[in-house]
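In the two complexes that follow, chain A is the common piece, with chain B as its partner first and chain C second.
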Partner chain A sequence: MEAFLSSMPEILATTIRMTVPLLFVALGELFSERAGLVNIGLDGLMTIGAFTGFVVGYQTGNLWLGVLCGAVAGIAVNMIYAFCTVNLCVDQTVMGMAINILAPGIATFAYKVVFGDGSTLVQGVTMDKVAIPLLSDIPVIGNAIFNQTLLAYLCYLLVPLCWFYFARTRSGLNFRSVGENPQAAETLGINAVQMKYLASIVCGALAGMGGAFLTTCYTSTYATGVVAGRGFIALAAVIFGRWSAVGILGSTLLFGFFDAVQISLQIAVPDISYQFFAMIPYVFTIVALFFFNAQKGGPKANGKPYFREER
Partner chain B sequence: MAEMLRMEGISKQFGTFFANHDVNLDIQEGEVHTLLGENGAGKSTLMNVLIGLYQPTAGKILWRGKEERISSPARAVELGIGMVHQHFMLIEAMTGFENIILGSKVNPSFTIQESKDKKKIQELMDRYGLEVDLDVPVGEMSIGMQQRVEILKVLYRGAELLILDEPTAVLTDQEVEGLFDIMRSLTSEGKSVIFISHKMREVTKISDRVTVLRAGESVETLKMSETNGQELSDLMIGHRFVESVYDKVVAADKPMLELKGVSYHPNEKHGGLKDVTLTVNAGEVLGVAGIDGNGQSQLAALIAGLIAPEEGEVWRNGQRVSIYSPDDFIENGLADIPEDRNKMGLVGDMTVAQNLILKETTSDKFSYGHGLWLKTGAIQEYANEKKQENDIRCTSVNQTVRSLSGGNQQKVILARELEGNPPILIAVYPTRGLDIGATNFIHDRVIAARDGGCAVILISADFDEVLKLSDRIVVLFEGQVMGEYPGVNPPIDQISLAMAGK
Partner chain C sequence: MSKFKKWLTMGMCALLACFVAVGLVACGGSGDSGSGDSGDAGGSDGTGKKVAMILDGPVNDGGWGASCYDAMCAAAKDHGWTTAYSESVDQADWVTVMQDYVDQGYDLVIAPGNQYTSAVEDCAKANPDAKFCIFNDDVTDYDNIECTMPDTVQIGEVAGVMAGLLSTTNNIGFIGAMELDTTLNKIQGYTEAAQKVNPDAKVTVAYANSFSDAAKGKELATNMINSNNVDVMFGDASIVDTGAREALEAAGAGHYDIGQPGNIGSEDNAIIAVSVVTDNAKMTNQVLDDVENDTFGKKTIKGDLANGCVYAGTISTKICDQETIDKFNEYVEQIKNGTF
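== the complex of A and B ==
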């Protein structure tokens, strides 16, 4: 227990770090759902982002280029989802599952094409941490919170930007209306289809970046399963965060905290097999959704296909 | 007066079906122009073409003398055409203010400039007498106020031509008067209104000119001052329309259904019942009048056995009801025409034949082994018989019920519910959204059931319908029975006041 308490700053630092991939992806899903697209293919998008980010970063030595390519790859794969759900009106859940199956397949295959069929994982490098002057000098918490990678800072910066976009801008208001009532939005001259594509681009990019964060800032390698269901946790975080950017920050921090706790417990209590602790974030996800009415408060037309000339 | 809009030879085809065929319409500045037609006559299709939701298969549109292709709703808004849809196009989670500015390019600023935009909206509200609480989410507003938000929405975008699609269907009598005042103030400022309705009383009152549509084609355009309701009705249905007149009866004291001091969520204004006592005798129609949302839905659900009263008793055919389940109510001969035929009365994706036997799937007539194996032959034969008997217009009884018009869907429900002469019938808004022909047919059937000894309880927000059919009338207001009135020479003023809670 003492070891556990003394590791509090460590847990705090890990929380801040482990929240980042969840936050990236959850904000992406926020855009998607605000336009009425429930994208459960986040895990797949993250996988593609994680793989692309790693390969490009490893081959070029430029991790930022890796993150950028991860975002582009996420967009590319999500365009399949967008085309099928928006234009062809395929069931969103089915399509999301298809992405979850397709994307890791592509990633594993491409990995073997690039690196061969060896059993040892190729090791890359991770981004350097950048301590913010003054703030990182605050005792105990300073170094824990304000000594992160630039990508992490960027991620947290997105929260106020998203909030401002949805709450204060005309474009954000129009965007939200598509998820609430696309028919009404169209009668007001808002192009619902265009908005849904825009949402899918943002969602693909952010999910890809969330995946790339894992391989460029957390582990320095790509292995199958690196995403470990974070896409689904992010999905829960959007509901738990009441479809608002600030709420999502809160919920992902909570999920990130449980992730950090389980990591430090794995180290602190070696007698218990680590798989037991690894369950914690997932158990919490189920518990959180259990106590939370997912039907309430979300965009009204969420998950429903939109036909323009419906009779 | 200058011409504002001309639609020439408009056709719109869905597959092989012409929803509009060679339709002509012209609108002058400052007029109320009524578009009259039965359901499926093509009014909505024509308007959807006009606002750019549909592209016409043929024909051209001239706006202020210039030919225009209205390629999208945005283009229609640019031109100055705005529509208030029958089913409001509002975002319930957003406030009145947000709904009004949504999607508009009136103020192109990147961020929302609330005080500046509100000032402009306030000006419109004052000018046309449109009272709206801008900061309340639309979902919490009354229907009348929601409609005013819709009107403000199109005015805010600078609409010159307003299309009002069945705007009075959801309003109380007072609210209709208010709407007409607004329409008059709009036309006096040179704006024009296309008014879509099939309530003849309102059409004759507010219209300057009327264009009649029938079966997708424009039949004639007439000046209201040179025509009358009867002529318009005849044109609309294509032959002489004779409205049925029914005798009122005084039934013997033989209660089939009694509510004694029934309460359900009594503290809710818009969804509760408070100490309701009423009786329906065999062979009479008890009309329940009242403005929508005063407990009608709950009363209907209670009589159908969907919900149980929290206090009080329900007696059926002289026996106290102890089990509240629809199953048990049906067993005891309750027939139900529910308020929402699509959600509660029919299974849209099942066929006409299947919907017709839904209540009797386990009977020996239609199945072997108590519902184990359906007798398809017997079902077909029965369905065709019912189709004839009830004039259900469909190409085949194996067509999905969803593909039928509202009137024919209602006939399917009626055929199923009135089978075997049930002792009790509850009819909730039985003619909502139906045209005059179908309405008349439904009314005939309800009265025929009454004359056959059925105890009918009619719940309707259409006051004319209640007056026409009821032998006795009660008024429901905020979940309470406000009074009982005779069906013969009913004191209309008194009932109107009771409906408003006075």
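== the complex of A and C ==
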């Protein structure tokens, strides 16, 4: 317990950093699921975003352009998902898995096209951190929370924006109605198909940015596997966060916290096998899904294909 | 259907077709794995023989995978063989991919790590005429399997000597990917050697549970630096080590890394004090010799400091003063002679 408490400042700092990519992607999934599209292809979207962000940032030297292109690449790949699930009514789970397989394949292939078929690990640069004056000087939490990259601040800023959009705007209400009952929404003049495409665009962009964060802010390189299953954790975070932006912030912070805990405890308590600590985030994921299962509170039409002409 | 919808459908079909086409080329038929054909490495005097490698991670991992792939290419070039590889192959597909290479008539299939041993044994039993090589293992029961085994304790010892000499906080770190036998050997050598040259040295060990999660490596190293005041690190986790080096760089002056398995440092490197190099090419050359001379199988080619398959790479003079370099070289010589 003493070791745990003494590690708290480090755990907090690690939590804030590790939450950012999860939060980006989970917010993207929030838009998708609010429109009735369960997109389990987040890992693939992150991968293509991570690759594109790295390559563009490396080639141009402009990391913001890299992030932007990562978002565009995420959108492009997610349009395949959108077309197949919205227009062709393909099973969303199958399509998501297809994206998870396809996107890393494209990224690997494109990496070799850009950098050649060699064994050299190409390294670029990462974004600088920006400390917020005064706030970053607060003891214990100041440096952990208020000394991040601009992209990390932007990510946290998205939470109130998303909350406001879904809770306080007509467009947000339309979005939610499509996820609950697209047929009823259409009778009110809402174009459900258009909404689903819009959701896929936002989801692709945010997932791509989450991936790009890994290769432009976290580390300076891209390699297959860099996403390391974060897309699936984000998927669980949306359910645990009860499909609300604030809830998702809480759940991703918790996932980030448990990941940080396992890192810190490995170092602080070397006598216990590392496998025990490594399983903490996954045990938490199972527990979270057990107590906050998808049957309660989720959009009613989530995961169901929408046939416009069907009664 | 409106004109817009027709165009949308056609456009999406075209986009889908493009992605699927690219994806099929890239995927190579299994998960997110990729494959490559490096062509005739030997030039005009090629022997017509072919060697292939399967990897569970990317070939450009900046660590073990890259080192093994380079070793295969170098050995193949020396012998005039053609090379091919499959990277990021899922565990479930190891046997299938190796069988594919056997079916394509490859003279040798290399599996660069002891995690593949069971799969190689299965494939070797099913294909008694095909030849397999496992790096980092010591399997000597099969006529058609030959292994290479660098002395992993020595590798750890060389790194430990440098870490012990360099550390001013007496706290050194080690990041592994998994608790593999070879990793445990390196930790053992690293710890013992560091504490021999610096009795106050304390070693912090952590595992990333991944060979590719650079972000996890960065966090582990950052935690070690901030919580345990670690100032010198050694890693055995490929891309994860890259993240750790970024954390050391971010921590500022006085924080150093020891690289492996390639010679990734330089005289003016500010982070990598020295690399402990495993010359897989030298050992792979012997394997290819054995295939050509029909002396293949039932043996393990050992690599250590004495036969030059393990050696200390370029030392950074920016990090190490002459006294440290002299002491380091002296200790390495003692390890080589078995008098350390």
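Points to keep in mind about this one:
Quick note on the criterion: the second predicted complex is superposed on the first by the 287 of 311 C-alpha atoms of A that agree within 3 Å, B and C clash if a C-alpha of one lies under 4 Å from a C-alpha of the other, contacts with A are read in each partner's own complex, and residues count from 1 in each chain.
Quick note on the criterion: a contact is a pair of C-beta atoms (placed from the backbone, for glycine too) under 8 Å apart; a residue touches a chain by one contact, two chains touch by 3 or more.
From a predicted model like this one, the values you see are computed outputs, not experimental measurements.
When both complexes are overlaid on chain A, chain B and chain C end up sitting side by side without clashing. Touch criterion met: A:17 reaches chain C, while chain B stays clear of it.
Between chain B and chain C, C contacts the larger number of chain A residues. Looking at the shared chain after the overlay, A:223 reaches chain C, while chain B stays out of its contact range. In the superposed model, A:170 lies in contact with chain B only, and not with chain C.
When the two complexes are overlaid on their common chain A, residue A:300 makes contact with chain B while staying clear of chain C. In the superposition on chain A, contact is made by A:183 with chain B only, not with chain C. In this overlay, which is a superposition and not a single complex, chain B and chain C have their closest Cα atoms 11 Å apart. On chain A, the surface touched by chain B in one complex and the surface touched by chain C in the other have no residue in common.
By the touch rule above, chain A contacts chain B in their complex via residues 168-171, 173-174, 176-177, 180-181, 183-191, 299-300, 308-309, 311.
Residues 14, 51, 53-54, 72-74, 77, 83, 85, 89-94, 98, 101-105, 107, 109-112, 153 of chain B touch chain A in their complex.
Here chain A touches chain C in the complex through residues 6-7, 10, 13-14, 17-18, 21, 47, 76-77, 79-80, 83-84, 87, 101-112, 115, 117-123, 126, 214, 218-221, 223-226, 228, 260, 263-264, 266-268, 270, 274-275, 278, going by the rule given at the top.
Only residues 8-9, 12, 15-16, 19-20, 22-28, 31-34, 36, 38, 57-62, 65-67, 69-70, 87-88, 179, 204-207, 209-220, 222-224, 226-228, 239, 242-243, 246 of chain C touch chain A when the two sit together in their complex.
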